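Chain lettering (A, B, C, D, E and F) follows the sequence in which the chains are written, and residue indices restart at 1 in each chain.
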Amino acid sequence: MKHTVSIFLVLATFWLINSGYYKPLLLSFGLCSAIFVVYLTHRMDVIDHESHPLHLFSLKLPSYYVWLVGQLIVSNIDVVKRVWSGRNSISPCAEWLPLSQTSDIGRVIYANSITLTPGTVAMDLEDDRVYVHALSREGLEDLRAGEMDRRVSNLERHGE
Amino acid sequence: MMSSATQLLLLALTLPLLAVPGILLARNQPNLREAISLLTGALLFIVNLSLYQLGEGGVVLVEILPRLALSLELQPLGLVFGLVASFLWPITTLYAIGYMRGHDEDNQTRFYVFFAVAIAAVMGLAYSGNLFTLFVFYEIVTFSTYPLVTHAGTEKALKGGRTYLSLLLGTSIVFFIPAMIGTWFFAGNLDFQPGGVFRDDVSPIALSVLLLLFAFGIGKAALMPFHRWLPAAMVAPTPVSALLHAVAVVKAGVFSLVTVVVYIFGIDTVAKLPITPFLVYLAGGGILLASLVAMRQDNFKSRLAYSTVSQLGYITLGAFLASEAAIAGSLLHIVMHAFGKITLFFCAGALYVAHHKSQISELDGMGRVMPVTFIAFTLGALSIIGLPPLGGVWSKWFLMQGSLDSGYWLMLAVLSISSLLNIVYLLEIPARAFLKPAPDGATIQEARSTSVLAIAITALMCIALFIYGGDLYEFIRSARLT
Amino acid sequence: MILTAVAIALIVVMAMAIARALLGPTIYDRILAVNLFGTKTVLLIAVVSYIVGRPDFLDVALIYALINFISVIAVLRFFEYGSGKVHDEVGKDA
Amino acid sequence: MPELTTLLSSVCLLLGAFLIFSGGLGVLRFPDFFTRMHAAGVTETMAATLIVLGLMLHSGWGLPLFKLLFILLFVMITGPTASHALAKSALHGGLRPQGDNANNERH
Amino acid sequence: MLSHLAVLQVVVPLLAAPTCLILERARAAWLFACLACLLSLGISIALFMQVQASGPISYALGGWEAPWGIEYRIDALSSFVLLLINLVAAAVIIGANSSLTAELPEPRHSPFYVLFLLCFAGLQGIVATGDAFNVFVFLEISSLATYALVALGRDRRALFAAYQYLIVGTIGATFYLIGIGFLYSLTGTLNMADMAQLLPGLEEQRLVAAAFAFIVIGIAMKLALFPLHGWLPDAYSQAPSMATAFLAASATKVALYLFIRMYFEVLGPEAVNALFPVGKLFLLLGAIAVILASLAAIRQNNVKRVFALSSVGQIGYLVIGVGLGNALGLQAALLHLFNHGLIKAALFIAVAAVVCRVGGSRLEDFRGLGRAMPWTMGGMVIGALSLIGVPLTAGFVSKWFLVLAAMEAGLWLLVALVLIGSFIALFYVWRIVEVAYFQTRDGAAVSEAPLMLLIPLWAMALANLYFGIDTSLTVGGSEQAVNFLMGSRP
Amino acid sequence: MADYYNYLIVVLLMVVGLYIVMAQGNLVKKLIGLNIFQTSVFIFYISTAKVSGGTAPIVIEGAELYSNPLPQVLILTAIVVGIATMSLALALVLRIKRAYGSVEEEVILEQDKPC
């Protein structure tokens, strides 16, 4: 139920922000469409903690984001450097790395974070490992060091 | 208040159709079924006789477009044809009883039903008041006779039927309809009227084209080269052949042609058209050619078929000669040939039913086995050849006079030569039958009594027509042709 | 002024993307290029909407972002399963 | 104060433009599909962020701000998803990255 | 009130469609669809009589006057065509239930009715609206419904046929859209009547010609005019039989209506022919269609295909009538539009009845049906005779006018072609009649078709006879339409 | 309309789209071609509606010259219709794929040959 409510709220705000017109007619249209979408999601049966992970919202999430943004900046600079300094500066490699998350959503967050940071891409995901392609061996080693893995797991641990 | 002519015309049209449900209901009691056909036939003949008494009158059945209607009209030409057809229907039925049962054919009910429908169509055709009506009934004749032609239902019969239908419908769709629409286009109406419907300002070329279209479009007239359907239709049982050759189909054809010449073009116009000589010679050539082909046929019925082709040549010739005498000649010939040829076919059928002989070479001495049949055959043959004391004399006489009037001397020769050929290929049959020695142990064995009766009647009619031919001629001349 | 510069940069990158799309060599390079092109279009629209002073074009950018993402996924699915090779997964998706 | 925001936005925009360009260059220059993917990633994350940020500063308070925010969020969410899907299907499609010394027994 | 009928004509089926979707039970949906179609038929009759009595009816949608708003305009031509569509639709929907029960699984029934009503509404919209773009919308509504209808067919080939049709149809509709775009940019209006007024005054007649070219190609695809007819035989032979009956009788006719509207009212023959001899082109294509399609029909072994190809040929006649450009030719085209609608309805309903009982429409499936299904075959024969153009059937009347028109134009070769065409028709029809009546059926006995199929079949068959004998309605209606079209231009 | 470059683009897209529809054997690619073809027409409409110097026809203060909104409305409709067509077409392709196991034209025709 809470998922339903939250998704409805999300949709409603999305509408309110995107339509600049606050006239009863248009507002009612917005209401209708939001309800309709909620109905559809129900029919598709995709509203649950998987698709709509409320339980992850906590103080740890922002702090993780902050850390992630930091990572982003660093890795962006790194990749751009390699772009300008030409081919022999890169050492592409792909490997399976272990992961410690227990829930699907956790693994997905980890994999997405990997992909989000330039220089590394999660290409495949299995229960206990993720197949990563990195632009440079260093990037892969950093991941193997496992800080990101730990942070995500801790994020998820709060969820239980 | 409908005039009695109107009522009688409608009656003539509907009477045969009224017989249809009766025939269908009685399909399990053959005697009752045939009785219905016979009775209706007799009634129909009486109706036609009373129409003959009235002499004039008409009725509009339905108007499809302005000046395009189904309408019936009494006129002498139609009366002659109507009388002949309605007289021969019961006779043929009489004969068919013997034939069909002697042969115990399947689908006899279907046979009698479509026979009746065909007769109804012939009535409509004979009394049609305009070209459109004539066309409609002409096509109904075609469709209603198809099941008769394919009566046997064998692949051979179906093949023959296909030729029959495709040639007749083909010619009428590709030639007849455009001719009709062209007539409408130039004349503005299609009503039959003595002297023709066209105004004088229509170019003779256009008229010639139209006449040519009619000549070939009316395929039932079997004008060469569109005669193939007639031999093809030989697959039909003999009563049907009789119907085709004497009563309904080919006669419907030549009658339509004569009507078109007289009432659509007008004989004076036709006489002046540039195309006419060509058509005359075409008819003459057809007469001789078909006769020559007929001589080489050993199959009894197909010899008769080609004989018909050439005899029809006489009638079309008379139409194209387009003098009053010639027209009278061709009308007379419609009658004379009807009785003559139906006799011949009856005889052929009788032979087939009684002795399963269909080849002329098998007929040696059969005269002693079937004396009545072969005497009748001889009479019919003589009538067709045109020797006294038989009806055929009259028609040939007036046709010859007609070709004299129109100045086609060559046609005299054609007519006389073809008569000689007739003698050769028709009289060969009784000659074989009577002069050759009989097959050993031959005893008299005619076909069934009803058939023999029919044969006798038609043969005697050939003589009667010699006696009353003059009156018939007078009646025909009473028609306003111009 | 600066906005224009950014727009030009974006257009140049889009040109690069097209070049990559043409060069390939693999189909995935092309899809990658197309996706890149799309995401840059989103930014371009956003920038242009400020150049011409009609921020309401931002809606267009947003919609375009949506469509671009969906279409890329669709194309990927097509090349994974649909391209003539028999895969029953397509059937399941009906 | 306004000139400060203008300055900031200009910086963001120019930086973004530069990163974007670098990304595009990478997509052109890098040897194989997987490496190009990383270059593309650059343009989707930081570059996009910077440009949108620049625009936000430029537009000032109002609805457009939120719309830009949405756009940014969207790019951030869909970008990696798209590249992941790409990489995955490339892998399925039989494309092998260079320096792939992983034991692919499950492939 | 009467002016509201103009829009109700479209709205009734358009609203009935979703209602059928809600009534999920097939039988309920069917009854409701019947109700809607009969109501619509009533409306069309009322409109026809109204227009006959007192000129065109105009209705401004939402009160916006043309050219800004969308105008619904029922004149002699549209009321004539509407009458045909409604007659056919009523006949088809009445028979649909029986035919579907035999042909399709239960769950596909109510979709059929929904799509049927949508298609019906779309077709009527095309005819009823006076707005060129609105025409496009309705064109697409009806087309989409049609594609889906075809895809409902039980054979998998139906899917591919529907796909092919979709491609061609969409291209056609888009071409039409381009043409309208040109006309709009030239005249600044989408209202066809206003276009007709404005176009003659323009200098850029070349652009007008371009617009016309696009529109003609677009419509020709919908019309299945040779050589753009490829989609038709597959679509018609794969769709559910009753769908085929409806489409064959109405869809191509509406396309021709649109064509006539554009050619004669909006652009004007003389204006167009001054730039390019379109009329001659139509004559040529029509003649080729008549001959080739009819010849192809002879070689078919599936009766549905035979009649489908014959439709392509008959479309040839229609186009010839239009191409002649004289009043008589146009009237012939309109008459044949109406009569051929009735003919094909009768024929395809008969085929549906056969499929319903025998399970197939191959030639050999017809063996001995003359005895086994006398009523069905009787109806089919009447339709066939009308198709050939035998006197006292509707087909004869239109052929009569067509030949007269060709004679008036002095095109004697065309006269010959038309008649040869119906001669060939005789052949392919005869093959069926012969198999049905003169060959005997082996295997399981076949019973006569259900009454609910015989009723519409014979309604159509008798209509063929009636309009072949009492031509006052058809000839009168078409005459009015011709006078309206010929008079509509300065 | 001084310069006709927009027509040039329209024609180019149109030809490309039609070519793909004709030349491609793959049903999905055909549809892509069809889409391009339709899009060209949309562009045609919109570009003819452009009033030089006019801005998007959403009323704002300080703008007096707008482009012609009607064609844009029309094309909005046309786009919706186009999407409907496309979705129907794709649904058909899916079912074809299930029935024939392929979306290649010649494969499909090959399978139906014996009939």
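The definition used in the following text is that contacts are C-beta pairs under 8 Å (C-beta built on N, C-alpha and C of every residue); 3 or more make two chains touch, one makes a residue touch a chain.
None of these values were measured; they are calculated from a predicted model.
**Student:** List every chain that touches both chain E and chain F.
**Tutor:** Under the touch definition, chain E and chain F have no mutual neighbours whatsoever.
**Student:** Any idea whether A-C or C-F has more C-beta pairs in contact?
**Tutor:** Result of the comparison of A-C and C-F: C-F.
**Student:** Centroid from C-alpha atoms only, then distance chain A to chain E, rounded to Å. What do you get?
**Tutor:** Chain A and chain E have C-alpha centres separated by 57 Å.
**Student:** When the C-alpha atoms of chain B and chain D are each averaged to a single point, how far apart are the two points in Å?
**Tutor:** 97
**Student:** How big is the gap, in whole Å, between where the Cα atoms of chain B centre and where those of chain C centre?
**Tutor:** Centres of chain B and chain C (C-alpha means) sit 86 Å apart.
**Student:** Do you know which chain C residues sit against two or more other chains?
**Tutor:** Residues 56, 59, 62.
**Student:** Multi-chain contacts in chain D: which residues touch at least two other chains?
**Tutor:** In chain D, the residues touching two or more other chains are 23, 25, 37, 63, 67, 70, 79, 81, 83, 90.
**Student:** Would you pick out the residues of chain F that each touch at least 2 other chains?
**Tutor:** Residue numbers touching two or more other chains: 95.
**Student:** What pairs of chains are touching here?
**Tutor:** Applying the touch criterion to every chain pair yields A-C, A-D, B-E, C-D, C-F, E-F.
**Student:** Hey, which residues of chain F end up touching chain E in the complex?
**Tutor:** Going by the criterion above, the answer is residues 18, 21, 27, 30, 34, 37-38, 41, 44-45, 48, 71, 74, 77-78, 81, 84-85, 88-89, 92-93, 95-96, 99-100, 108, 112, 115.
**Student:** List the residues on chain C that touch chain A in their complex, please.
**Tutor:** 56, 59, 62
**Student:** Would you pull the chain F residues touching chain C in the complex into a rising list?
**Tutor:** Residue positions touching the partner: 26, 28, 55-56, 58, 60, 91, 94-95, 97-98, 101-104, 107.
**Student:** Which residues of chain E touch chain F once you look at their complex with the stated criterion?
**Tutor:** Per the stated touch rule, the residues are 133, 136-137, 140, 144, 147-148, 151, 156-157, 159-160, 162-163, 166-167, 170-171, 174, 177-178, 181, 184-185.
**Student:** For the complex, which residues does chain C have touching chain F?
**Tutor:** Interface residues on chain C, with respect to chain F: 52, 54, 56-57, 78, 82-84, 86, 90-91, 93-94.
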